[in-house]
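Chains here go by letter, A, B, C and D, matching the order in which they are written, and residues are numbered from 1 within each.
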Amino acid sequence: MVFDKFHEECGIAGVFGDKDAANLVYLALYALQHRGQEGAGIACSDRRSLRVEKGLGLVADIFKRSILERLSGDIAIGHNRYSTAGENHLKNTQPIVADINLGSVALVHNGNIVNADVLRNELVSDGAIFTSTSDSEIIIHLMAKSNEKNIIDAISKSVQRLKGAFSLIFMTENMMIGLRDPFGFRPLILGRIRSSHVLVSETCALDLIDGEFIREIEPGEMIIITDEGIVSYYPFEKVEIHPCIFEFIYFARPDSRIFNRDVYEIRKAFGRKLAEESPVDADIVIPVPDSGIVATLGYSEYSGIPYEMGLIRNHYVGRTFIEPAQSIRHFGVKLKLNPVKSVIAGKRIVVVDDSIVRGTTSRKIVKMLKEAGAKEVHMRISSPPTKFPCFYGIDTPTRSELIASTHTIEEIRKYITADSLAYLSLEGMLDCVENSSFCHACFSGAYPTLHKDGNGYNPKSEV
Amino acid sequence: MVFDKFHEECGIAGVFGDKDAANLVYLALYALQHRGQEGAGIACSDRRSLRVEKGLGLVADIFKRSILERLSGDIAIGHNRYSTAGENHLKNTQPIVADINLGSVALVHNGNIVNADVLRNELVSDGAIFTSTSDSEIIIHLMAKSNEKNIIDAISKSVQRLKGAFSLIFMTENMMIGLRDPFGFRPLILGRIRSSHVLVSETCALDLIDGEFIREIEPGEMIIITDEGIVSYYPFEKVEIHPCIFEFIYFARPDSRIFNRDVYEIRKAFGRKLAEESPVDADIVIPVPDSGIVATLGYSEYSGIPYEMGLIRNHYVGRTFIEPAQSIRHFGVKLKLNPVKSVIAGKRIVVVDDSIVRGTTSRKIVKMLKEAGAKEVHMRISSPPTKFPCFYGIDTPTRSELIASTHTIEEIRKYITADSLAYLSLEGMLDCVENSSFCHACFSGAYPTLHKDGNGYNPKSEV
Amino acid sequence: MVFDKFHEECGIAGVFGDKDAANLVYLALYALQHRGQEGAGIACSDRRSLRVEKGLGLVADIFKRSILERLSGDIAIGHNRYSTAGENHLKNTQPIVADINLGSVALVHNGNIVNADVLRNELVSDGAIFTSTSDSEIIIHLMAKSNEKNIIDAISKSVQRLKGAFSLIFMTENMMIGLRDPFGFRPLILGRIRSSHVLVSETCALDLIDGEFIREIEPGEMIIITDEGIVSYYPFEKVEIHPCIFEFIYFARPDSRIFNRDVYEIRKAFGRKLAEESPVDADIVIPVPDSGIVATLGYSEYSGIPYEMGLIRNHYVGRTFIEPAQSIRHFGVKLKLNPVKSVIAGKRIVVVDDSIVRGTTSRKIVKMLKEAGAKEVHMRISSPPTKFPCFYGIDTPTRSELIASTHTIEEIRKYITADSLAYLSLEGMLDCVENSSFCHACFSGAYPTLHKDGNGYNPKSEV
Amino acid sequence: MVFDKFHEECGIAGVFGDKDAANLVYLALYALQHRGQEGAGIACSDRRSLRVEKGLGLVADIFKRSILERLSGDIAIGHNRYSTAGENHLKNTQPIVADINLGSVALVHNGNIVNADVLRNELVSDGAIFTSTSDSEIIIHLMAKSNEKNIIDAISKSVQRLKGAFSLIFMTENMMIGLRDPFGFRPLILGRIRSSHVLVSETCALDLIDGEFIREIEPGEMIIITDEGIVSYYPFEKVEIHPCIFEFIYFARPDSRIFNRDVYEIRKAFGRKLAEESPVDADIVIPVPDSGIVATLGYSEYSGIPYEMGLIRNHYVGRTFIEPAQSIRHFGVKLKLNPVKSVIAGKRIVVVDDSIVRGTTSRKIVKMLKEAGAKEVHMRISSPPTKFPCFYGIDTPTRSELIASTHTIEEIRKYITADSLAYLSLEGMLDCVENSSFCHACFSGAYPTLHKDGNGYNPKSEV
């Protein structure tokens, strides 16, 4: 299927102090599967050495019993990976595990280091060798070069060099360390299972493994978990935080709570606000399932227009298909979504989706609804137009491919053949989260890291 | 996961007269994947001979490009299979392909032959050999023994010997034949793609391949598709028809139209009727997704209680998981469903599901909702209590395992720990389909075939 | 690699009365792997029912521990299969297992039924259905139609209808039955492991599983093995026996004893006789390894010419290879054989192989030896020219592809570019086995079955 | 199977300047498969970047067409790997590919660095990170730290730090570099295919790909292959060379020429010398195939005792097998070797093998021959007793496990139950190669590197 979504680049998890650590991390990664579906890995410490197992594909397909059994020990960290096209290789799969002067260390990373090229060049000139292209290897090199006497100081010193988005979990033979960048772009949650501690990207992972929510790791916080307990450090200067608002719009699961808010509630508020800002006279409102469902419920609630499941999402989505020789209209979208004719036919319909990237999918959906007999199709988007790429760990097309970057809303409406089209306003969106310090650069171009030092905007990505 | 649902035993499809026949059947089977997930097969005719490819697992995993390329020809039939526990073997996978006195013939079957044992014993005594335990092999044997001079007469004569449920598609080198038993238990739809003809279990399969709906094959009808066109026969005595009402309740996809009704509309009507019959004072109504969604929308509409997605269904359901050593509460259900705490906490909740089989899943769901903070949990089921096994192509537990067969509704309520429990009444259900001739034996014990000749009820299944 | 050998079509094995039966059959099949490398299967009886597992590929790759564990029971039979090009399918893989009027029966077959088409047509007209194209299914049908009251009579009656080559092992829930056709084309050996009985194609399979040789099943003998012991029947009229002499020349392993002779000794006698009939003045004699080794030792012994390993056979032969874009001379042969230049260069060489089929391989070998510096290359073949196809269970090319059928020896010599070429004479060969009743039809055209009833020669195969 | 052999640790190959480079390297690795069977990898340069593909298992199983097609470019290097028990992981599989200050570089290594631990510790203290435990990563780090301005100087400087055995092939985007340690422990051959250059461990790899032998890389030589041609450097001080004599005894293929000698001729000379030193009155002499074959031919030639193939080596050796519950005598050896009873029975036999490691295999062979009826069994070994471990790239057991290290020859004879036992003498062996400067440390304890600086003997391996 053509890539027509922003993509989260990772989900991460760690367990400290449970003899079933690798198994729990595996289940946490399953609950975080939506954050990365191309590969996964788990590293484990048995207090004597570290072992790692990785693979390409879905968590449940990679980790068979025999592989999990090899991962014995009571500390484990893991990673789900989204890979950019073409490089579906084990090479960049995490966790990275390395031996350095301070011992063995494993690392998983959710986010993106904006100054990776600068750091990498500097390290290479200084004699470092790189066997992958992952940001994580840079972090390990910074630690190895830090001249610090212990892991904690080495990490503190190294992460101060990083610009960009990074939620990290480190593991040594006896320690697990969680850390969020000072802007707090990506979430990281602390939980507990009996006497063991857990770190996960979203609370839905805690739910699956019966973990209890303790609190979020704070932006800029570094938390060290050992047999002695938990200690916090703040290695960074304090700055205004900028959590990624797109996590609420699309990436996170609706049953998660992140950035101290319930995704479901925020997503519903977006829908209500969208109804308030852009009402329409219609018979029914339907979601583009599943990501559009919760905002649609909000839209229906505020507008009073009845909610229906006018598009059915296939349960077996996600595999590659062999298209027949004769062309099938809207094939890519049809493999995923099918209209319910009896619901659609003869109706004036509002259809709600979370975002439009290239516009090709929306166009197919609108056409499919019209072919199913819709009298009018009004597209409503529960976020503002996405005009700018993200440099903070989300895989986005270049600016020229973002339809909202090069077209007016009216032009987009024409292209997708809708009777009307409206986006949630930036102000409306920020209202819903009651905080304007969230990152919203992909809508506004206001890159938090660019503001600070003029270095955040990566021109190479624009080619 | 423990088996706690009735299971459809098959989905079938056929295409006549398209050089891409096997590829179209493959896509149709993908759209019918919910009717059988353990194996699939496609047979193809290139007008000189028949070829078949089968495998275990999901359609998209079995049929890679190289395999589809081997299936050249312009006629193809296919089958999705549900297998009863333990016998996950290729042996019984369909299509069955055999050489008989009238040439080569392939066959797929959706349903269950009630007098299979009798026929099989008779055939074996008469010198037949059986290499599988499938009903289809019986049908082929009856054809081979029929002494008829052509395939059509051989089929007509053979199917007259069958009692029970059977939607069949036959293929020879130059012909495709569709057939439904006189009671019409299982659906079978006729469609068209350009100049080729298509047979499928549900209309959702037509939608995916851009097929146009023509009409349903009628109960007792046999339709012969050749290069000359389409001809109909009625090899059976006319009887009152008994389509399976459970197709509406659960098996069919909500975006399908079968038995000349829209599944979505019927399912929603069930929900409305349920609200009418068993109202409750509550804050929200939530579905057990996905099968409970549409009835819940009906319940919400009639009752005015706001609809919420209080349980989130994991997108990666369906794989086997390695449970951790330490036990996780409600593990089986949690892999599939997770409550949204902000929606649930402090609320009086109506939760709507399509049916209760053993009760174990419902119990876990109620407990999970209470642990998420629900003040009250009222379970509403959009069908009557399932008290009897099905002998018409649905895999059901024995009577003793059906909780409604051995317990009163109050006892079930207690077991599942709900604050209240109500089922849709038999009359209410039949009202919604405006026809009391539908089969409802699993609720009422009124087996259509038993009525006719006292032979429908298979005591062996009760062990 | 191009097919340039006659190919044995099967190896078979059975064990009665050992709780490890399937495991022993698996090892026996491994020892018989040279008789069929495309697929294998094992059926097992636990005294209540039969179970079968099959696969494509080598025995050691198909039967993993988990699969062998499913084959519990103390009776097992198995089969290695050679498949003719294109039809690499599980469908025809043996054992065939079927339910008939006399119960469940499994069957493995080594050989070829000459009148298979006649029998199949007759059975099909009589209402039989065929789901494979294997001869074994014919035999099961004959049994099912036999009207006999017990398995033994059913087998006796059925096999009397067969013409051609058949070494068979049947298994029921409580019995194992071995049988050889009256001509005795293919071997079948009876052995013992402690208190259990074993049937195998060659004695090398007994050696691997520590089995003791008892005796050969005689041509025309049917041996019934039950808990009560062993009984013999002779269901056929007595005829002159015709064991396949090619088993000695090439098919059987040199460490086996079959037809009451040691393969090694016969093969060496062929070599000595070849030296006697066709001497040559040369510096060294080398084999085409491994099949040519033993005859070469005989040639060296008689002639006094020193034996050397002038060609080294690669240990990893048997996998498919990706040829490079630029052509490599003699690529197919080079993947298997490499000349030792220091042995070859400047020498007059006799090179001994077992047979020549198309001549393409021999031509490459001779050229390769010349390029390695050989002064003269004299090819000696330890069997007569193969001019006729085999209809008794060996896969041979058609007559027009057999170089000796269409060319004189001098023409062949020119084609393969040898300095001289000689074959063993028919008389010389028969001298070595001290019996002229052996089948030698592929050399002489004297088909044993043709002699008897004019029905043995299958003109269809000549197309 | 129990490990009862010394094992070569690698085979390496490289091609410069052929658009089919990866395919040729793949075939070269197939020809070198006997030097490492646990994993393989190929790296390729398309003059813009390096790409690598690796896998576990045999070359022909890892490199399917689709994988080879990804390796486009005209420079490629590859590696076959032997892995020590337990660590069957991709992590240490070569080629290693890394980005350093001088660009991208790939490396394959045959041998063992004696001072690896020292160098690794030094590098780690200096801030290096290690993601594998392979020696190659050390070499890359040394290059990265070398402060040299070009790859050639970086390599020269780095390899001067290495002690031990190393035949290396480096690749950059535009260059291929071959290098042998100054002692010349492991072979490395230079060849040509049309206008491209080739480096391989043994000449048999040249033969398969139609390559022409040019010459050996000399001990201590570094050869740089670019589009401009070939240049040689000698970065090391000149020392007396010590090629590994065990390559002749066992590791190399008999059809190879290495160290400017033909393996076949040397191996045959060992056999003749053994016959001269340790004659015996016997009826036949047989090899332990295949490694014992050529020496046996020498023994037979000198002694006049007739050569026979009394043991047959199974063609399908090398897979894991499921042993039956009941024990089978000599199971491990029987899966590989089977005696020919007609050859053995009643005879006085000399059996020749290349070496004895633990003695367990020899014991099983002698017993098997006696059970096959041998009157006397005289074991002759075509090398001296192996008493010391190797530190130069051969996987050997510790001293305590080497039977010759802890037992007298008479004790060994008793243990293996032979009627007599004799080894080739050290002097006799060295006579055959006409040079006493070969390494023979595993026989004599005279470690070349120990002689030089007292650092060669690695006490850790002795645990």
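FYI, a contact is a pair of C-beta atoms (placed from the backbone, for glycine too) under 8 Å apart; a residue touches a chain by one contact, two chains touch by 3 or more.
These are the chains along with the protein names UniProt gives them: A, B, C, D = Amidophosphoribosyltransferase.
Note that the structure is predicted; figures quoted are calculated from it, not measured.
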{"item": "Steps in the shortest chain-to-chain touch route ending at chain C and beginning at chain A", "value": "2"}
{"item": "Reference chain C; chain at largest CA-centroid distance", "value": "A"}
{"item": "Rounded Å distance, chain A centre to chain D centre (Cα mean)", "value": "49"}
{"item": "Inter-chain centre distance, chain B versus chain D - centres from mean C-alpha coordinates, in Å", "value": "61"}
{"item": "Chain A-chain B separation of Cα centroids, rounded to whole Å", "value": "37"}
{"item": "Residue list for chain A, restricted to those that touch at least two other chains", "value": "none"}
{"item": "Chain-to-chain touches, reported pairwise for every pair that qualifies", "value": "A-B, A-D, B-C, C-D"}
{"item": "For the chain D and chain C complex, residues of the former touching the latter", "value": "18-20, 23-24, 26-27, 30-31, 33-34, 58-61, 63-65, 68, 193-194, 204, 207-210, 253-255, 257, 262, 264-265, 290, 293-294, 297, 301, 306-309, 312, 314-326, 328-329, 334-335, 338-343"}
{"item": "Chain C contact footprint on chain B (complex, rising order)", "value": "90, 96-101, 124-131, 137, 140-141, 143-145, 147"}
